[in-house]
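In the two assemblies presented below, chain A is common to both, partnered first by chain B and then by chain C.
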Partner chain A sequence: MKVLEGRKKQVFRKGETPFEIDCEKQSLAGSVSQRACVFCGSRVVLYPIADAVHLVHGPAGCAAYTWDIRGALSSGPELHRLSFTTDLREQEVIHGGESKLYQGLIQLIDRYHPKAAFVYGTCIVGVIGDDVEAVCKKVSALKGIPVIPVHSEGFKGTKKDGYKAACTALMRLIGRGRTDGISKYSVNILGDYNLAGEIWIIKDYYRRMGVEVVAGITGDGRVEEIERAHGAALNLVQCSGSMNYLAQLMKEKYGIPSLQVSYFGFEDMAEALYGVARHFNDAEMMKRTQELVRDEIQAIYPKLLEYRKALAGKKAAIYVGGAFKAFSLVKALRLLGMDVAVVGSQTGSKQDYQLLKELCDEGTIIVDDSNPLELSHFIREKNVSLFIGGVKERPIAYKLGIGFCDHNHERKVALAGFVGMLNFAEEVYQSVMSPVWQFIPRPKQSVPMGGVQDEYSRTANP
Partner chain B sequence: MLLRHTDKEIKERVALTVNPAKTCQPVGAMYAALGIHNCLPHSHGSQGCCAYHRSTLTRHYKEPVMASTSSFTEGASVFGGQANLLEAINNIFSVYNPDVIAVHTTCLSEVIGDDIPQILAKAKEDGRIPEGKYVIHCNTPSFVGSHVTGFSNMVKGMVQYFAESSGNKLNQVNIIPGWVEPSDMREIKRLAREMGISTVVFPDTSDVLDAPLTGKHQFYPKGGVTIEALKSAGDSIGTIALGHFASAAAAEALDAKCNVKYEILDLPYGLLATDRFIDSLRRMAKVVVPESINAERGRLIDAISDMQSYFYGKRVALFGDPDQLIALSEFLVTLNMRPVYVVTGTPGKKFEEEMSRVLHEIPEAKFKQAGDIYLLHQWIKNEPVDLLMGNTYGKYIARDEDIPFIRIGFPILDRIGHSYFPLVSYTGALRLVEKILGAIMDRQDRDCPEESFELVM
Partner chain C sequence: MNIRELPTREVTINACKLCNPLGASLVFRGIEGAVPLLHGSQGCATYIRRYLISHFKEPIDIASSNFSESSTIFGGGPKLKQALKNVIDQYQPTFIGIATTCLSETIGDDLQLILDEFNREYRAPGKPLLVTVSTPSYQGSHIDGFHDTVRAVIEQVATGGPKKNMVSIFPGMVSAADLRLLKEVLTDFGLDFLVLPDYSETMDGGMWDTYQKIAPGGASVDKIRAAGRSKAVIQLGRTVRKQQNAAEYLKERFGVESYQLGLPVGIRETDRLMQTLAVITGNDIPQKYQEERGRLIDAYVDAHKYLFGKKAAIYGEPDLVLGIAIFLAEVGVVPVICATGARTGKLGDELRCLLPELEGEITVAEGIDFDDIRTLVERVQPDLLIGNSKGYPLSRQSGIPLIRVGFPIHDRIGGQRILHLGYRGTQHLFDQIVNELIRARQDRSPIGWSYM
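Let's turn to the complex of A and B:
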């Protein structure tokens, strides 16, 4: 298979090539990249704030493609699940969209009485030069709620820059609320999106430890909670790609320390709790935490061993958005006895990949900003039985006749927490062991009596 | 009560679209381009556009969807996207090796004013386009029209780039199927074959977006209209364009370029529209309709006669794309049902003209072009319906108002089957009536009191 010349340094084989992975680069023009844009990054981060209005300022497409596609659940209001757009047409492209934006905001706020409004800039707004900031300021003064522009013009960088724009927007909410009555043992949860109700599981663990959660900033979010997030004693950051920046800004402005955590897999989940207990340095809390971890794992472990029996020795490929998630997945798959043969991300940093390299076994392929052609090839080369990825990767896995697990926003069961590890094992098991795969023609090399070479065909690369 | 926010009172909303019943042009262009054999659709804009379109098409068709992007950066938005597109052409031909790159624009490249034909001419001049390979394009500004417009523009682009007239007429008919499922395109080809007619169907996504599972990831599956066939479209005896919004522009362009006469018909959903389609094929190719097709028609009418008493007077709300809605409304009237609310997000006066024609016997009917799903919900709140038909986004209304719901159109993100079973032709109409009857009867079984819960219905 041909890897694009400009991409060669974005593919690393542990033990075979020297480690000099190139990353955080703009995708090459013409590549079938799996990446998205700045707008996508911002929309993802702010989307779960359920009692705010989210108005997409641009043509209808950007709003239509992001309408209720993420299962970020809310325990109350569901305003975030509706799709609002200024639906810019030719006329506004010529004369500007400010007046439409102003009128749209007024109508929305009068109708829904939201606690705040976010206005997302799209590519076109960046080019026609609407002064979104000024419109927001005017509406905010008139209506008495925060109306916050999100500078998410699609072309102004990568999805990661979109995360940053969202963090900047969040900083305009944080600090507005009162912080009296907040416990000295308190945290904010950053970077959990409450997919399939995951933040509810995590919040319950912290509650049992005696820790107050002030704000779930990116999961089951509420404007008022976020406004008092600066009163928390500690920030817990999952999904480093999206939320490190906010933690950094909150540290600078409010002096709140932060802890990197992951809620996937036994090891990382337990550490996410122990880390908090250690931080607060409270012996009672540590004891409660140890009991919690022990109880949770004991309840699940026997069942997990059954799945492990079936899955041990099988190989997996991982291709996810942020590299931090990949670390947990490598460990979680190891717990199931599976080997990770291929691992990659859309937005990993050099440091992330360095860590991945140390975590992975010899021969593992590590790849940055990959494409379907490369991924299919690596999967076939390594004889993988499970692909973990997102929406665009699922049908590729199935076409290759292997199991798939969505570890992105289309997951339907909670994968976080101890119980999430069991759900993960079950999902992997049911997909990898599905009877359907036995009906698929296999390449000749995997037929024991064959002796004929792999006839893997790539019409794209004769 | 997800849509608890929908107001019953209808007020004029000019600056705001709530729950859009459309999306933007480029996704339509991408879908159309996938219907060319060995073609890689290329999105000339930011990376996100391409990712969103691929994700949406993947969710609907449940197939890998390949497309590349010019990966615009801040620099491109200032200096223009020429360098990106030229580099993309190099990279695509060297790595993905398609026969055709089908470029569509985005709002960004439109507003900064990239001149695609000029860039492609330069690519040709620089020798970036290998011998025997093609780069075609169409303009798809997202702030004009809808996804249907983008589809139409790409199909027109196919004609403009490929169709040739050699002077020798070929005994074949062009069929432009419109934005329908791979299964529908397969069915249209089957009908023509059954009538003994050679056709050029373009675009043709059968065997591209409904490919069998073979254990291989075919970057370019075997389906799609070939370049050779597209070239020969200029020599065909005639063109049948199915659906005014998705297909007329290409048929007109082909007539203008190669003098191929054309007929614009409704999408062949239901009895009457299929009759017109078969008749048009018959006249154009000068063939006799075979008995087998008459028998298919007979079976459909037989099924309708068995079901007619359940259909009578049922009020239906529909939303989606205009070509689908026009044909479907006509069929519902044939079934003695009452399509009372019809909303499309796609703008176009033609829609309202056609709906007035189709629904002239339904005086209470309301219909709107460039509307949104919020408005449809308001109408339903004011006076309920017995059945809702539309894409996946209808499920919110169906749940909140407790209305039986049939998924039809694009996108369908929560069910599987639309890409396998056609809705066009008599066979497709049979599937439609089965779905409609099933939805109505399931509701009756669910809601009726125990004493009138009947075994035989």
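Let's turn to the complex of A and C:
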């Protein structure tokens, strides 16, 4: 297969070529990237804030494709599950959409009484020259709630720039609330989006350790909690792609230190708890944490070993949004005895890939911003039995008859926390061990003699 | 017929429509050896792929010219040319369908000019056929993108010549199963045919032993070329406007005998298609279909009491809404709400003309969103909702059962295999609808009969 000339440097094979990977580039014109746009990046980060109105300023499509597509749960209001758009028509494209935006915001705020409103600029807004900032200011003054523009015009960079725009928007909320009464053992959880209720699992662990969670940013997010986030003693940052920037901004402005964590897999999950206990340097807390980790692991380890027995030695490929998630997945798959043969991400940085390289075995293929053609070629070349990716990768795996596990934002099963590791193992097991793969036509050379055909003739003629 | 006034809201809440390039991409995916290419930013292509994949559960590659900030200032020409080269390099397509997006339309890129340049510069052999269509989403919705693209393909590819024993049919935005049914009918009439688009295999195919850059199947370019030599052409969909109607173009340009029929849902609309094919071919309607029709009427009779006077709300693509409304009316169900996010301006007129007996009982709404549909539903309390899976929140909230039809079906498996058309498709819909009503009654009954 041909890797497009302009993309050669975004593919790396460990042990074969000296390490050099080009990343954080705009996708090449004409390659079918698995990436979305700046708007998508902003939207995914802010989406779980459930008591805010999220208004997409642009033509209807951009909003329609993001209506209730993610599993971000809320324990209360569910405004985030509605899709609002100014649905710009030709008239507004010619004469500007400011008055429509203004009227629309007023109508939405009057009807839903949100705690804040976010206005997302899409590509077209970037070229028709609406002064979104001014409209937001006017509405905010009139209605007395924060109305925050998110500068997410799709063409102005990559999904990562969208994360940044979202972080900038969040900084306009943070600092507005009162911080009295917050414990000295307090954290913000950054970069967990409460998919399938994951932040509830994590919050429960911290509560049991004696740590107060001030704000989930943005999982099960509430405007008032985010407004108090600057009162927390520590920021826990998951998913390096989306929230590092916010942690950095909060450090500069409020001096809050941060800790990189991941909640996937035993190893990383335990470390996410121990790290916090170490940071607060409290012996009691450390003891509680050790007990917690022990209890949790004991409860599920035997079951996990059963899965491991079946899965050991099988090969897997990983292609996910953020590189940090890829690290955890490599480790989690190891725990199940599986080998990672291909690993890649949409938005990793050079540093991330360096780390991945160190983590992976010889021969592993490492890719940045890949496309269906490449991915399918790599999974075939490596003969994997499992692919971990998002909704766009699933049909590639299935078409080739390979097991699949959804590790992106639409999943309905919690994969975070200790219990999440068990869910993950179960999902991997259910996919890899399914009997359906016996019917898949395999290319000639890889079908061992006496394969499926023979099985049949044996049962037919005993 | 009550034509519903459009809402005075400035904001669309839970849109009941998608954008034009989605329709265009779907059409291009129904052409053999074709790759769709959207001229604009990356996001549009990725979102549209994701949305289509969630329905069809098939790999769907849509390339993008990937605008950068400077493309919006200096034009997207260089990016488009680079994208074409890369797509040709990687996919070796025989056809590239280029659709614009809101962005490239707004900055005013001239596709023809860019392609002329590309054609001058790109001299390598094996250059694919390039077809362009203008699909700004601020001017319509996905169904407009769909019809405009079929028409653009025909305008740019079809040629004339002596007539052949071939019929062309433009089915509109129907399911993969529907396309297979139409092809079966045409085959049974002993016809050579073009169905455009034909994504029955490309979007609902079998397993692959090696990855296919372009899914096999689709309408062949040779057939599309020959469309101007068809002995007759049929555009399905009564709300398709004249300027979007590819059959109309073939008639004006090449003098092909042209018909515009409704989607064949229900006895009456299916009869019209069958009779038309009989007239075109001079053959009788094959026995098989007479039998299917007989069974369908038999089922109508068996179940008529469960249906009479029931009310249904239908929403989605305008022609599917119309087809189902006509079918429901013939079994005694009143289609009290006929709603679409599209703006055809024709849905009300067609209903009035085809179902005069229901004058005053149907509320027709075009350009509507799900928030408005909910308001209407609360007002008339129908027994059934019929439409795509995006009506599920409404169904859940109101407790009114939802029969899933059309596009998208994101919460069930097999959306692409739902059969709506022909006697067989109608039978399938009919059984589902009757059983849903019986189920509701059975569940409500304190006795819980285990027989009908």
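Simple rule for what comes next: the second predicted complex is superposed on the first by the 449 of 462 C-alpha atoms of A that agree within 3 Å, B and C clash if a C-alpha of one lies under 4 Å from a C-alpha of the other, contacts with A are read in each partner's own complex, and residues count from 1 in each chain.
Following the convention adopted for this analysis, a residue touches a chain if its C-beta (ideal position, glycine included) is under 8 Å from a C-beta of that chain, and two chains touch if they have at least 3 such contacts.
All of these numbers come straight from a predicted model, not from anything done at the bench.
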Three-chain arrangement built on chain A, chain B and chain C clash or fit: clash
Touching partner for A:V293 - first (chain B), second (chain C), both, neither: neither
Touching partner for A:Q103 - first (chain B), second (chain C), both, neither: both
Contacts of A:L79 with chain B and chain C, given as first, second, both or neither: first
Chain B versus chain C as contact partner of A:L173, first or second or both or neither: neither
Shared chain A contacts, counted only where both chain B and chain C touch the same residue: 2, 4, 6, 26-40, 58-67, 81-90, 92-93, 100-101, 103-104, 107-108, 123-124, 126-128, 154-157, 372-373, 376, 391-392, 394-396, 398-401, 440-443
Chain A-facing residues of chain C, complex: 9-15, 17-22, 37, 40-51, 53-54, 57-69, 71-72, 79-80, 82-87, 89-91, 101-103, 106-107, 136-139, 141, 207-213, 390, 393
Chain A to chain B touching residues, read off their complex: 2, 4, 6, 26-40, 58-67, 69, 78-79, 81-90, 92-93, 99-104, 107-108, 111-112, 122-124, 126-128, 154-159, 372-373, 376, 391-392, 394-396, 398-401, 440-443, 456-462
Residue numbers on chain A that touch chain C, as the complex places them: 2, 4, 6, 26-40, 55, 58-68, 81-90, 92-93, 100-101, 103-104, 107-108, 123-124, 126-128, 154-157, 372-373, 376-377, 380, 391-392, 394-396, 398-401, 439-443
Sites on chain B touched by chain A in the complex: 2-3, 5, 7, 13-20, 22-27, 38, 40, 42, 45-56, 58-59, 62-74, 76-77, 83-85, 87-92, 94-98, 106-108, 111-112, 141-144, 146, 211, 213-220, 345, 393
